[in-house]
């Protein structure tokens, strides 16, 4: 064990190199609540430097028109969206209505919990949310303590793109204010997690009590330019 | 909204007054991994100042012989334990074997997840852990992605007793080192959560990015004496 | 008091909130509530994108792009606030740790069913946290005008719009009155701003009991 | 190299670990592994009570009662360490984020079943994190002596003790040899310290293939 404190640092990667890990047909999680906390540099690199298409995007929103994931949408590279709120991008709504993308809508808490479950090795969970509504159609329902619940499956991805205000060179992450949102969840739920960080610190500079995402979840580190 | 920053503080309570909220027949969650992070002042108050008996204790261990929950055990006030490791207190093992207390054993990760689920309004979850073993007997099992899973119910309590190194006067909590363990989970999963804090700070003195248990989970605050 | 019914509704709904409560405020009328709270009301505002302790909007020169509420408006954080991720935020909601959710609706039925996320025949592509809030919050207060912009009653015998949740609403505040669900029955408990029981009856298709314990102040 | 077989097993198991790996070390032989790692081995030790980045034991005068490992021994935290709660810790384990778990066992079968928490006829009152670790870790290495203190083989055709998990073990290191499970079959891949295939056969009831790609160093 490296008792001298010089633990294996993640090699810093360019956004362009990092998004080369996204392949056509992949499921990609993208952090952010709207554009707040979204990994905008990684999204731009995906838009500009990757040919990966036929993507399933797991993100609370599909960006805004021409911004964030909205750029990828305009390129026609999204096959399916899994979100709680497509409505924030009218172009996404139009694309769904035109049959250009497939939409899976989840209540926001179910969406968050399903990503956490995916990262935590949970095979499914029962939630009372959505029971008795359109969003429970086709899903297994059962009573728990006299209350109808829906059985929801976990969500996992091939690649997660997340944004953190600070990282250390091991890949420990710290989020700022409400830019935290879905990022720590998505960091746990993908085969490859790529973190874009506003600031990259030396190992030991983040308070060990306040690390929001421990480094074992993070595979690649990109500095926001 | 109190824009002047003087939000409702929790009244500080003595440990004796606080444990008066534990009634006979209650389910009580008690934080700590062994004695580390255990709310020892609240346990002592329960031992010395409460008559509540016939208790179901949800705690990773039943203390050690004559220490922590081991004191309550010696008083014969525990009817049932829900734990991952009774073995750390040989007197608890003896009490189970003598039929004096009922034991429910859970894998430690299932134990933790069930408490989280109880606090998070999750009606049950599927875990691969325990499938094909004695601990899955009598439980619903199903395949998920070709892997056998066990359906586990959430755990909730009447009262949770937790320990935090620091609290502010609203009841926000911050844990130190490995004394965190089950405390933040239990704080979410009881009707009444009583926190014993090593140090009680003014509102605003805890970093809002680093609060481990937001105050909405905490009902009573006791200063460790 | 303003003549705008939306503001009158917000002002009345503000009086429903009790000191120390954790409250989640939806978009629209609920968001007007903070201006009708006393400075010492001691309400903790939760926003589902990850903050407990929402404060008033920031000054123009103090905008922080990382600090928004669920309506994506800039906010501030009060002393004692805490940030958390979305799974934790919805664990709070679904787990019953948010005392009160105040939100708008398209329709509420006499049995407390609520429809507030989708209109039949239109896209159902945005639900956000609405379902979690109405199922999870301990108390659900709906604030809305008595009639839609088309003049249709919004307190109805049976919702015709897609449900957000069945049997979830505790209290309805319109510009005409306050309804409460008591033991499964809808009760008219208060008339507002000079409205009569007849006015209320004319603006709803719901059956309700009249239990006027108090008159509007 | 020590004569104590437990230390020889730990030393051999240490060579299984690769730089950058996150490793959870059980009680007993696994806990001897750190002393056989190079100073620059760059292994991250996870302890399930809530710490990634476990360092060596503290000096007597630097004991911190809030800083222990899952065996309840005092430890230190290395630079870059992180603390977390038990749900997060087991989410890491069950979610496959811990690369390797090294643990002891009472029995391991030829199909990789492991029994390491209970003895038939005795109390089954302590399981701790054992089941989570063997199910969740990406790779499970068992370190144990070839025979029990009663002289019974511990690598067996079928476990007679209560299982911790079926088909969970990837690698077994005893003082005699290394076994690996390859495509569902148990393979003897390395003889240790001058042991022969006959020695191994005498100490197990399991069927195994002999695939001696490398000899013990």
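Should a chain be cited, it is by its letter among A, B, C and D, assigned in written order, with residues numbered from 1 in that chain.
Everything below uses one rule, namely that a residue touches a chain if its C-beta (ideal position, glycine included) is under 8 Å from a C-beta of that chain, and two chains touch if they have at least 3 such contacts.
On a predicted model such as this, the values are computed, not experimentally measured, just so you know.
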Pair with more cross-chain C-beta pairs in contact, given A-D and B-D: B-D
Where chain B and chain C are represented by their mean Cα positions, the distance between them in whole Å: 34
CA centroid of chain A to CA centroid of chain C, Å: 30
Residues of chain D whose C-beta touches two or more other chains: 77, 83-84, 90-91, 93-94, 136
Residues of chain A engaged with two or more neighbouring chains: 113, 116, 120-122, 127-128, 175-177, 209, 212
Arrangement of touching chains [line / ring / star / complete / other]: other
Interchain contacts (touch definition) - all pairs: A-B, A-C, A-D, B-C, B-D
Interface residues, chain C side, partner chain B - complex: 19-20, 22, 34, 37, 39-46, 52-56, 77-84, 90-98, 136
Touching residues on chain A, where the partner in the complex is chain B: 113, 117, 120-128, 144-145, 147, 149, 174-177, 207, 209-210, 212
Touching residues on chain A, where the partner in the complex is chain C: 33-34, 36-37, 60, 84-88, 92-93, 96-97, 103, 105-110, 112-113, 115-116, 127-135, 165, 175-185, 212
Chain B-facing residues of chain D, complex: 47-51, 64-70, 72, 77, 83-87, 89-91, 93-94, 118, 123-132, 135-136, 162-166
Chain C contact footprint on chain B (complex, rising order): 1-8, 116, 118-122, 168, 170, 172, 188, 203-204, 206, 208-209, 211, 214-217
